[in-house]
Amino acid sequence: MIQFLEDKPRDECGIFGIYGPGLDVASLTYYGLYALQHRGQESAGIAVSDGQTIQLQKNMGLVAEVFNEDSLAKLRGHIAIGHVRYSTSGASSLINAQPLSFHYLRGMVALAHNGNLTNADELRYSLGATGSVFQSTSDTEVIVNLIARYGQNTIEEALMKCMIDIKGAYSVVVMAENKLIGMRDPLGIRPLCLGKLGESYVIASESCALDTVGALFEREVEPGEIVIIDEQGVHSIKTMTAAHKALCIFELVYLARPDSVINGEAVTIARREMGRQLAKECQVEADVVIPVPDSGTAAAVGYAEASGIPFKEGLMKNRYIGRTFIQPSQRMRDIAIRLKLNPIRQVLNGQKVALVDDSIVRGTTSKKLVQMLREAGVKEVHMLISSPPILYSCFYGIDTSARSELIAAQNELEEIRKYIGADSLHYLSLDGLFAAVKGTAKDFCTACFNGSYPVEVPEQIDLTGFERRKC
Amino acid sequence: MIQFLEDKPRDECGIFGIYGPGLDVASLTYYGLYALQHRGQESAGIAVSDGQTIQLQKNMGLVAEVFNEDSLAKLRGHIAIGHVRYSTSGASSLINAQPLSFHYLRGMVALAHNGNLTNADELRYSLGATGSVFQSTSDTEVIVNLIARYGQNTIEEALMKCMIDIKGAYSVVVMAENKLIGMRDPLGIRPLCLGKLGESYVIASESCALDTVGALFEREVEPGEIVIIDEQGVHSIKTMTAAHKALCIFELVYLARPDSVINGEAVTIARREMGRQLAKECQVEADVVIPVPDSGTAAAVGYAEASGIPFKEGLMKNRYIGRTFIQPSQRMRDIAIRLKLNPIRQVLNGQKVALVDDSIVRGTTSKKLVQMLREAGVKEVHMLISSPPILYSCFYGIDTSARSELIAAQNELEEIRKYIGADSLHYLSLDGLFAAVKGTAKDFCTACFNGSYPVEVPEQIDLTGFERRKC
Amino acid sequence: MIQFLEDKPRDECGIFGIYGPGLDVASLTYYGLYALQHRGQESAGIAVSDGQTIQLQKNMGLVAEVFNEDSLAKLRGHIAIGHVRYSTSGASSLINAQPLSFHYLRGMVALAHNGNLTNADELRYSLGATGSVFQSTSDTEVIVNLIARYGQNTIEEALMKCMIDIKGAYSVVVMAENKLIGMRDPLGIRPLCLGKLGESYVIASESCALDTVGALFEREVEPGEIVIIDEQGVHSIKTMTAAHKALCIFELVYLARPDSVINGEAVTIARREMGRQLAKECQVEADVVIPVPDSGTAAAVGYAEASGIPFKEGLMKNRYIGRTFIQPSQRMRDIAIRLKLNPIRQVLNGQKVALVDDSIVRGTTSKKLVQMLREAGVKEVHMLISSPPILYSCFYGIDTSARSELIAAQNELEEIRKYIGADSLHYLSLDGLFAAVKGTAKDFCTACFNGSYPVEVPEQIDLTGFERRKC
Amino acid sequence: MIQFLEDKPRDECGIFGIYGPGLDVASLTYYGLYALQHRGQESAGIAVSDGQTIQLQKNMGLVAEVFNEDSLAKLRGHIAIGHVRYSTSGASSLINAQPLSFHYLRGMVALAHNGNLTNADELRYSLGATGSVFQSTSDTEVIVNLIARYGQNTIEEALMKCMIDIKGAYSVVVMAENKLIGMRDPLGIRPLCLGKLGESYVIASESCALDTVGALFEREVEPGEIVIIDEQGVHSIKTMTAAHKALCIFELVYLARPDSVINGEAVTIARREMGRQLAKECQVEADVVIPVPDSGTAAAVGYAEASGIPFKEGLMKNRYIGRTFIQPSQRMRDIAIRLKLNPIRQVLNGQKVALVDDSIVRGTTSKKLVQMLREAGVKEVHMLISSPPILYSCFYGIDTSARSELIAAQNELEEIRKYIGADSLHYLSLDGLFAAVKGTAKDFCTACFNGSYPVEVPEQIDLTGFERRKC
């Protein structure tokens, strides 16, 4: 069995927390993680506190695989946090699964993290030099050790000190024995939001998780904010305010669920607007607009609306393709792509097609798609990408692959077009992308598109180690 | 863990067969079944013949769960058949999994069946009266016993005699030690098609399975036809020709995959046309056309095109909802529907919505959907169904539920509208449905819509037993 | 993972049945099978009748692996039968697991069989010639088909007719919807006994299963007897009485559990007596008597008693060796035997050892044992076998291997001694064996020792097919 | 499924290590752990170093369950350590599984521990006060943190400092990237031995593991010794020498495998001698000596030899009872004991029995055994225990239960006899025990028998926490 290769950047993690006396917080966390499953399919975990002790269950697999009714029933308490993590390989992966739960001077704490610390190596070294132990390769364990080093402080004070030490992207939920805390980095690189469920509170990576458990969206946790929820209600500490924000714009392009509200708008609306902007920038001559399902659909609808070219479903996605299947042998290699996406010849035959996708990483899947469309009788394929070319690697919690593997970082537009075999290829401009979303250039991190890194990144990146450390 | 309740009729089975000397027939059958997974998620099985003996592996679960690289590698030979079956409950389900493999006077034979025999009870009784043994409750075992009774005949002759005995719906693949046979009932109720892969031949329930393995669609197996494939190539026996055909029209409405070609046209095109017909019959005043994903999407696109009302995605489907999840407690009952479909408030709020779905069985899901849309701020919900009301149970291999549970069989239109809570409710007319597809009334079975059963059904149906017997 | 090779004949199956209104018959059958686990470790199954329908669960694996609390709880009723089967390889093994459950003219019946029919091939052929279907390769399915052919008769009458048709060894439990039936072949080759548990009745292969469930041993089911248990109590039909009995003497030598009572005596007592007889026949000069644990222990104790040589444990058996472990590579080949049996150097060093085992089949394990003892410093190894040389294959339900693999069938005593590397080698004589047990030569089947087959065996035995057919 | 209750003290852990360039060290560790499985059945783990990085695999379950060929094949390197742990309950158990693997200032280290630190709480507190994090409740993590605190020292120096800090029982194997280290506490409470396999070296809890992998026993690791194995060969650091030794005498009574050599003699020989001593102290009038299998067998053989009363097997142990089985309901409660041990009526009926067991903890099992023997017709039961009464809890790595549950700590001899229902009850005296083994009182820890704790134990023991901390 092997993973199904997707040629998309991968979100690293999703986090969820609930402070809910009287509620079945473990089950609500289970459903919340189910709604965040698109942010990570490698491992899932839930930690629950009953005010005295913290119980933790985590394992490799999807949320539905890791938990069953028995295991959920054992997680009793009134506060819970949960985590889903994306799929990497390697025998030691379980050791990196989250939440992390630990004992320190002040008792038990559990913690779950989405993001990536850019100075994790230095912190590990300096902590190690004074006696710290690391049982995983995760940068989250750095935060854990910092909390322990500030054991003389309250947990809130310890987190405030942590925020001074750590650099990079981090949205974190922390559960001490009697409180739930949410923390977001000063630039707000990864999303995090707050919701209300009756008298209880919920913190989640995306608002779709609030919707699922029936919580009402209150607001996004602000960059640099620490939100504390306990029996007194919600408190907020505004720590470090940056001159600007730097929300990962790729959350809007591809990563977040279309029904989530991020940066004040529904993601699907932003994506349809990206399609509309693309039509303004580039009107191709085509008979039909075809999305690459599912991620290209909203932009394709927008492109069709704005261009007047009819929208049709021309690629059928197999809904039963799971995380793994038996890899076809070399001889049957074309089966892999057809197993997942099947072109509908009777829709496509003889047509000039505007094929809409959200992004291209290495270009391998796009190449196969175009070839498959031609075999289905398509006369012309105009590839339309609803975001700019990915030119730089991400160091803030997204797996964009190494720069050397990014087709757009290594090739000119015309070379890419030739490689994927399209008749034409168009990317949305960065200005067009800004026009499609709420806010301006200084509200977003667009490092993957223009190399403008809002937080300094290490010069010498050991990508192998780096990848193992992420999330 | 429980099943996710779908308020849809369920297809019973999908079948696949390949005669492929020199090919890895087990793997190709695995991929073919993967493409047919929507026709059955309960069990999966593959039987392979090497010309001397037949090996069989089957188990409960999805194709990806039942087989791994080791088990596939053990299934060596040049002919294979496979089967997927829909999900029922009960400890004895494995006993009903297919293919069935058996020894009789002439050697080993394996067989997989999609459909339902209407005279299975009588045949079981008369076979039993003369000494036959039944180890399952499947009607397929009736066919197996009939073949054995005609053991003095060749397998082809035995199947011809079988066709005289059995009544109802059946598309069957049979594998004797050195040949692959496809057989379709005289009315052609269930689909079956033939494809070519180099010098080899493939038989499958739907053409999407041919596409997936790289086979070219040759033609549909004709009603009443027996197709034999062996080292001499393809032979055909036309046995019983009926005055008319009776293809299950619900395959076009909902059951088949959109990218399959059935009755000479791509299913997605027929569905978009159903949406267009619906717009002709009923133009609602709405701001936006929203599909119930995924099955309502093609019709919604057609309705939007024909009505001029813009198409938008307003309900987000969770792609990670598997076959099972932990059932929410009574207190959290609303989570079940939101876990699967989340309304996007910013698309829907304040809108008059034309909500397009393909069918309604019991109405429970529709009711929850409408309620959820209203909670998301929708001003008006106009429910548009791209097929006529389901008034009668199916006895030909589809699980439509008992008549007493069919909301349209028990209620007038206005009562249904009130029950589901929509502002208006419209079904496509049967004539409109015929207008949307290739062919005329006498080409289809429309019994679920108008009670016109093309094959006599038992007067006293014991539905419990019936359900266990299907496929 | 591979099987742990034992150089012992393997019993084929164990059967259990209970008629127990008001009792949890599924659980009692579970415990009964647990006690019979030594008779088969490949698959386990339980069928339960509630008087109207029969539910069946079976799977590959040990009793403890096949059933859990949930699955047992679903098996509700007042009659149950169960079966354990020995371990073979092959993907199709599940199809041969028992009990078999089937519908025929008179309703549902389940059946479990220990033994082997010598005329199964002829019966399969003649049944097949008149339309019977066989879904497995098991000879038990022959009995099932015969019952169905006698569907006009009551189940008791049908079984009486079966006994006329079938030849060979069979102890069978049959469960019709409202009765439990035990049946033993006219020679009583395989054991079968009857017990009482309050007002309820139990039938089992060995009395240890009666003990375990708390039932009192009533009597052995007699050769040729059919015992019927229903709401009227116990009835008995004595059908065919043979001039003599032919209980498999190897049940006493090795197969049965030491605590079972067979042929009127505790097996462990018979085995100790075999050791005593061996001392009478052959007094070796040794310092210590060492058993090959566990099967040689009783005989070793007897030998020590009668010879006056002290008994000591000199080989430690690893109690955690399960059915499977990772096969050592060629380089580590000696680990396999040491993993299972470790010689205790401080007991053995410098000693002359009388090593007592119950039997030798191929001699490979004995050879390794002797070598291991020498490496542990043993000065002389005198191998003492508490039964005669195995010269012939069994055709009545025991897997003794093909004759060509039986070391004693192919070699003289001296050659065997040389092969295994012992200083001397002694087998108990057949007369000595008779002297050790209750009864005389005409009470036992001793075919494996002297070729005197009490039931005619096919001249041309296809051992491959034969092995697949057994049990 | 529940655990099978044993009324025996439970050993906590077994450890194994190998330095073997050119060998398949992961497989050898697998087989070594297989031989040590009796020391712990809860979890198993193996860590392997290739000189640069350490890979770790561990999970809940038996060795055979945790590892398969694929997972072993991934563990490549030339040094390995392994660990088995006894079965506790609780969802968080995996977190306590060993080996522990960690990164600290000097690189990666893995560690596995058998024993229990008596000052773990104080050390945790003082480490926590200066910023240490604990992810488990295991006292082993205390050692890990101490090593990290001594990160400026070499690993050998760090371990020497650790030995000054930690108190209690510990046999430890440590693997740094290029060396294997064994360490035993100054009193030598838990066993540890060194073996040689060609040019390679092996360290193990018991010599049976050396035998299994084919290594030759070199010597026991001495109390207070640190043994370092690297490419230069074996080095030894003698750190702290105590005035006397304190080997846990219960290892000889029950815990160790009979074929292991501990304290210079084969355990089985010591046990037989305990039986002989018992006969000297107490000659009962009995017809037969019956062991409680398997742990009472060696002492029973010794008792029979010395007393002249014949030895017989009268209780049959079911070899297939695994770690778990379905718990009989209240109504079937007697099945639990009979499922495991079945009395052989024909051996026992009418007999006066000397029943030999090694120890009694709570007495519940003994009580059931005696009752079962009486039901089997035994006339008199004389219970003979081959060790003194257990009066005190162990704090050095053995689970003897809390003192309040120790029957002998709460009752006089006569009361115990009455409780278990025996006609007489005799324990071996402590002097008798010393007479049976090599060495004198000052060589052993006999705290469980006489409360003479060689290492100070905390006054206020929180047994719940304690139990979680052990090993």
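Chains: A, B, C and D, in written order; residue numbering restarts at 1 for each.
The rule we apply is simple: a contact is a pair of C-beta atoms (placed from the backbone, for glycine too) under 8 Å apart; a residue touches a chain by one contact, two chains touch by 3 or more.
What you are looking at is a predicted structure, and each value in this text was computed from that prediction instead of being measured.
Could you tell me which chain lies farthest from chain A when each chain's centre is the average position of its Cα atoms?
Of all the other chains, the one whose centre lies farthest from chain A is C.
Same or different: at the chain A/chain B interface, is the fraction of residue numbers used by both copies above or below half?
Same-residue interface.
How many Å are there between the centre of chain A and the centre of chain B, using C-alpha atoms for each centre?
About 36 Å separates the centre of chain A from that of chain B.
Taking each chain's centre as the mean position of its Cα atoms, how many Å separate chain A from chain D?
So the centre of chain A lies 48 Å away from the centre of chain D.
Roughly how far is chain B from chain D, going centre to centre by Cα mean, in whole Å?
Those two chain centres are 60 Å apart.
At which residue positions does chain D touch at least two other chains?
Answer for chain D, listing residues that touch two or more other chains: there are none.
Got a list of which chains touch which?
So the chains that touch one another pair up as A-B, A-D, B-C, C-D.
Quick check on the complex: what are the chain D residues that touch chain C?
1, 24, 27-28, 30-31, 34-35, 37-38, 41, 62-64, 67-69, 72, 208, 211-214, 257-259, 261, 265-266, 268-269, 272, 294, 297-298, 301, 305, 310-313, 316, 318-322, 324-326, 328-329, 331-332, 334-335, 338-339, 342-347
Looking at the complex, which residues from chain C come into contact with chain B?
Contacts found on chain C: 55-57, 71, 74-75, 91-92, 95, 100-105, 124, 128-135, 137, 144-145, 147-149, 151.
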